[in-house]
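Following are the structures in question.
Same chain, two partners: subunit A is paired with subunit B first, then with subunit C.
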Partner chain A sequence: MERQESSENGRESNEGISVKEENILNFLDSVDGYLILMDSLSSTLRQGWLELASARHSMGASRINSTLFDHKLHPASTTLQVNEQSAGPDRELPHFTLCKWASSNNPEKYFEEAKFGEDELLKKSNSLRHRDISHNSGNVCFPTFRFDCLGKMTRDQGFDLEALGSISMRVLKPVTNPLEMVVEISNMRASLLCAYDQVQKDMETATK
Partner chain B sequence: MANRVQIRTSSSALIAMIADEDTITGFLLAGVGNVDLRRKTNYLIVDSKTTVKQIEDAFKEFTTREDIGIVLISQYVANMIRFLVDSYNKPIPAILEIPSKDHPYDPAHDSVLSRVKYLFSTESVASGRR
Partner chain C sequence: MYGFEAMTFNIHGGYLEAIVRGHRSGLLTAADYNNLCQCETLEDIKMHLSATEYGPYLQNEPSPLHTTTIVEKCTLKLVDEYKQMLCQATEPLSTFLEYITYGHMIDNVVLIVTGTLHERDVQELLEKCHPLGMFDSIATLAVAQNMKELYRLVLVDTPLAPYFSECITSEDLDDMNIEIMRNTLYKAYLEDFYRFCQKLGGATAEIMSDLLAFEADRRAVNITINSIGTELTRDDRRKLYSSFGLLYPYGHEELAVSEDIDQVRAVMEKYPPYQSIFSKLSYGESQLLDKAFYEEEVKRLCLAFEQQFHYGVFFAYMRLREQEIRNLMWISECVAQNQKSRVHDSVVFIF
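After this line comes the complex of A and B, so read on.
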């Protein structure tokens, strides 16, 4: 009877240690993923600044500067969807999803581009050592209600560009990839802080 | 259950920015710029004439607005109001420190990593072993 009780206690303590170790591994994975994503964002932003400098050089600095920003009423065409994501009992995380406008007038091509963008992001997520893609992928959401008035919204998107002069989208490519990375990093940040809280709680329990 | 943090959900939250002109121009071209009826924008361009008070006010405004989900802030700007950024601990909006053209990203100054680096310090390891 005593041997049975001690073996049960041993099993419970083994399970407790493995859960704590799993929490530590999740935390370390989150830190690693966060740093890798920040590094990718830095590279992408650097590329964007280079392109902006190139456009400024070819078109003139007076045509690409903040004095041309229009301050009339204008809603953002790229927004976020913020939802709750369960991270265990009594714990919830914010989950961000990017919602952006189409870049094409052709509805079928629109969804193809969206799928392509999402596939590219998932490929990049696969390169991370942390493989939990379903938890960390920056999902791209395209609200369908805006699709019906695509023609109007395309003009509204051009409103910002008109403020910068007659710049076509091809000359200055919109920085959409960094936006997806920003959303991915935000989700990773939430996971990191959640994992940190859990590890800290485990440490406090261990010291009592 | 009593200490559970409430997550504020939203179907169209904005991305706010406190950064240099080039960074903000690039993100505005991606369509994140928003101007409301009161001509309030979701971005602050930081240049040599921007004061620390203006940056503080913008940070406080963006972190208290209910329609903002993420605040992007250049790390060198965040360093000017480090005490404010480090003391921020709400889940939404998420604060992300990003690099700028002249100031690369430094993980040592990141507020999120600063918060968790305690776990890697010798003090925390030593206290765990006692």
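After this line comes the complex of A and C, so read on.
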């Protein structure tokens, strides 16, 4: 009887150890994935800066500069959806999804949400704004910057005649890859933090 | 046909031609560019430029140096040289020198209007204007709501006034209209400059016709390629092409209906001077076309100095300096961003 109990205890502790190891491996995998994505983002942004310099070289500094940024508020054409996903018993993981070229039947609704300035977004970063309570999801709209010569993001009619005088305009495609990477990094970070929580809990259990 | 320029040119233009030829000898050489391309930091670039004519303009700049500072100071040097020549020039050379700056004036007008549309501060916009394109009432551009007001309030008293007849409308200024306005103004300016040079006659007319025709053809190609896949109609595209140049009129007809870069290539390869440019590119590629055009332009500008007694040397010198400043800007950006492997992508050697 005692032998049976001890073997059961041994099996449970073996299983517990393997679960802990699995959690640690998950955590290390998340860290690895996160670092790879960060490196990839850094490389993409570096490339983007050089392309910007190349455009400024071809088109001239007067056509590629900060005055092209529009300080007006516009309905966001790219939005970020934050959902809660189940990651196990009693655990929810935030999941980020990028929604591009979203069109709304009610443009004013988008404009209302786009009134969040960057400062407000920082202050309210922990609170999600609910667009529709029934869906129980939060939408955060980023104010959209209009790039006259760089992007076409807010032009509804698709007329992207931004710059005719220089070929380099074609080199600058709308910069969406870094946005996707940032979202991927956010998701990876969420899973990394979740794995870290799990590892920490295992360590606390072990010390008790 | 040439007149007796050799007999009379030096009376009014000899001194300034000598001055501009002296400036030309100060342009950076391939050896200078090789040294600059090997710099590790912007301070190294400053150190190498201190041995050139840019030295006095950069020596007092504090660290850390920025790429925009280098470009700004180099541009300042060009502006100083231009103003020295302009104040000593008599007619018709003074008018010719003013014509050279109208392109920058157009860019400045568009910059102010675009920036105002985007609710930027006027002072901030004025700081970004090209110094060669400044005029007295430029700050008042910010109050205009449409092109009619733009013309009536500000531009009627500027040299750009005659170019506005083709694009005066009551439409509000928005990004699309502004871009079309820019290209329409530039087309009118090029045509007017071309007519002025033709009136001057002689070697100036011949050499400047070639240089301006190349500029017009290059713009036609750029407009075509950049408007592929947009809603710009064929007629609107055709309206933006200048009415002179090697491609006028049959090349323009074919370019107006081109739907992709390979069709543009097919059109351009019919013209021997442009065959060599497009032969450097692989099919479907347009990114290297800019550099190919710059190289061809530099070649033609350098040839302008092979002849005497004409005003083309002034135009050529200004353009070569602008190319040099572009080169310095690119080298500085590559060094600042630690991307020295890309430094030769866009540098165009002059000598």
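Here are some notes:
The criterion applied here is as follows: the second predicted complex is superposed on the first by the 140 of 208 C-alpha atoms of A that agree within 3 Å, B and C clash if a C-alpha of one lies under 4 Å from a C-alpha of the other, contacts with A are read in each partner's own complex, and residues count from 1 in each chain.
In this section, contacts are C-beta pairs under 8 Å (C-beta built on N, C-alpha and C of every residue); 3 or more make two chains touch, one makes a residue touch a chain.
Owing to the predicted nature of the structure, the values given are computational and were not obtained by experimental measurement.
By the touch criterion defined above, A:72 lies against subunit B and subunit C together after alignment on the C-alpha atoms of chain A.
Within the superposed three-chain model, A:196 lies in touch with subunit B and out of touch with subunit C [touch as defined at top].
In the superposition on chain A, A:62 makes contact with subunit C only, not with subunit B.
Looking at the superposed arrangement, the partner reaching more residues of subunit A, out of subunit B and subunit C, is B. By the touch criterion defined above, A:205 lies against neither subunit B nor subunit C after alignment on the C-alpha atoms of chain A.
Shared-chain residue A:49: touches subunit B and subunit C both. In the overlay built on the shared chain, the residue A:185 is in contact with subunit B alone; subunit C does not reach it.
Overlaid on A, the two complexes show subunit B and subunit C touching the same residues of subunit A, namely 49, 53, 65, 69-72, 157, 160-161, 164. Taken in their complex, subunit A has these residues touching subunit B: 27, 31, 34-35, 38-39, 41-42, 45, 48-49, 52-53, 64-66, 69-84, 90-94, 96, 99-101, 157, 160-161, 164, 172, 174-176, 178-179, 182-183, 185-186, 189-190, 192-193, 196, 199-200, 203, 206-207.
Listed in rising order, the residues of subunit C touching subunit A in the complex are 68, 71, 107-108, 110-111, 114-115, 117-120, 124-125, 128-130, 175-176, 179-180, 182-183, 186, 219, 221-223, 225-227, 230-232, 240, 286-287, 289-290, 326, 329-330, 333-334, 337, 339, 342, 345-346. For subunit B in complex with subunit A, the residues that touch the partner chain are 1, 4-5, 7-15, 21-37, 39, 41-42, 45, 69-70, 72, 91-92, 94, 96, 98-99, 101, 104-105, 107, 110, 112-113, 115-116, 119, 124, 127-128, 130.
The touching residues of subunit A, counted against subunit C in their complex, run 46, 49-50, 53-54, 56-58, 60-63, 65, 67-72, 146, 148, 157-171.
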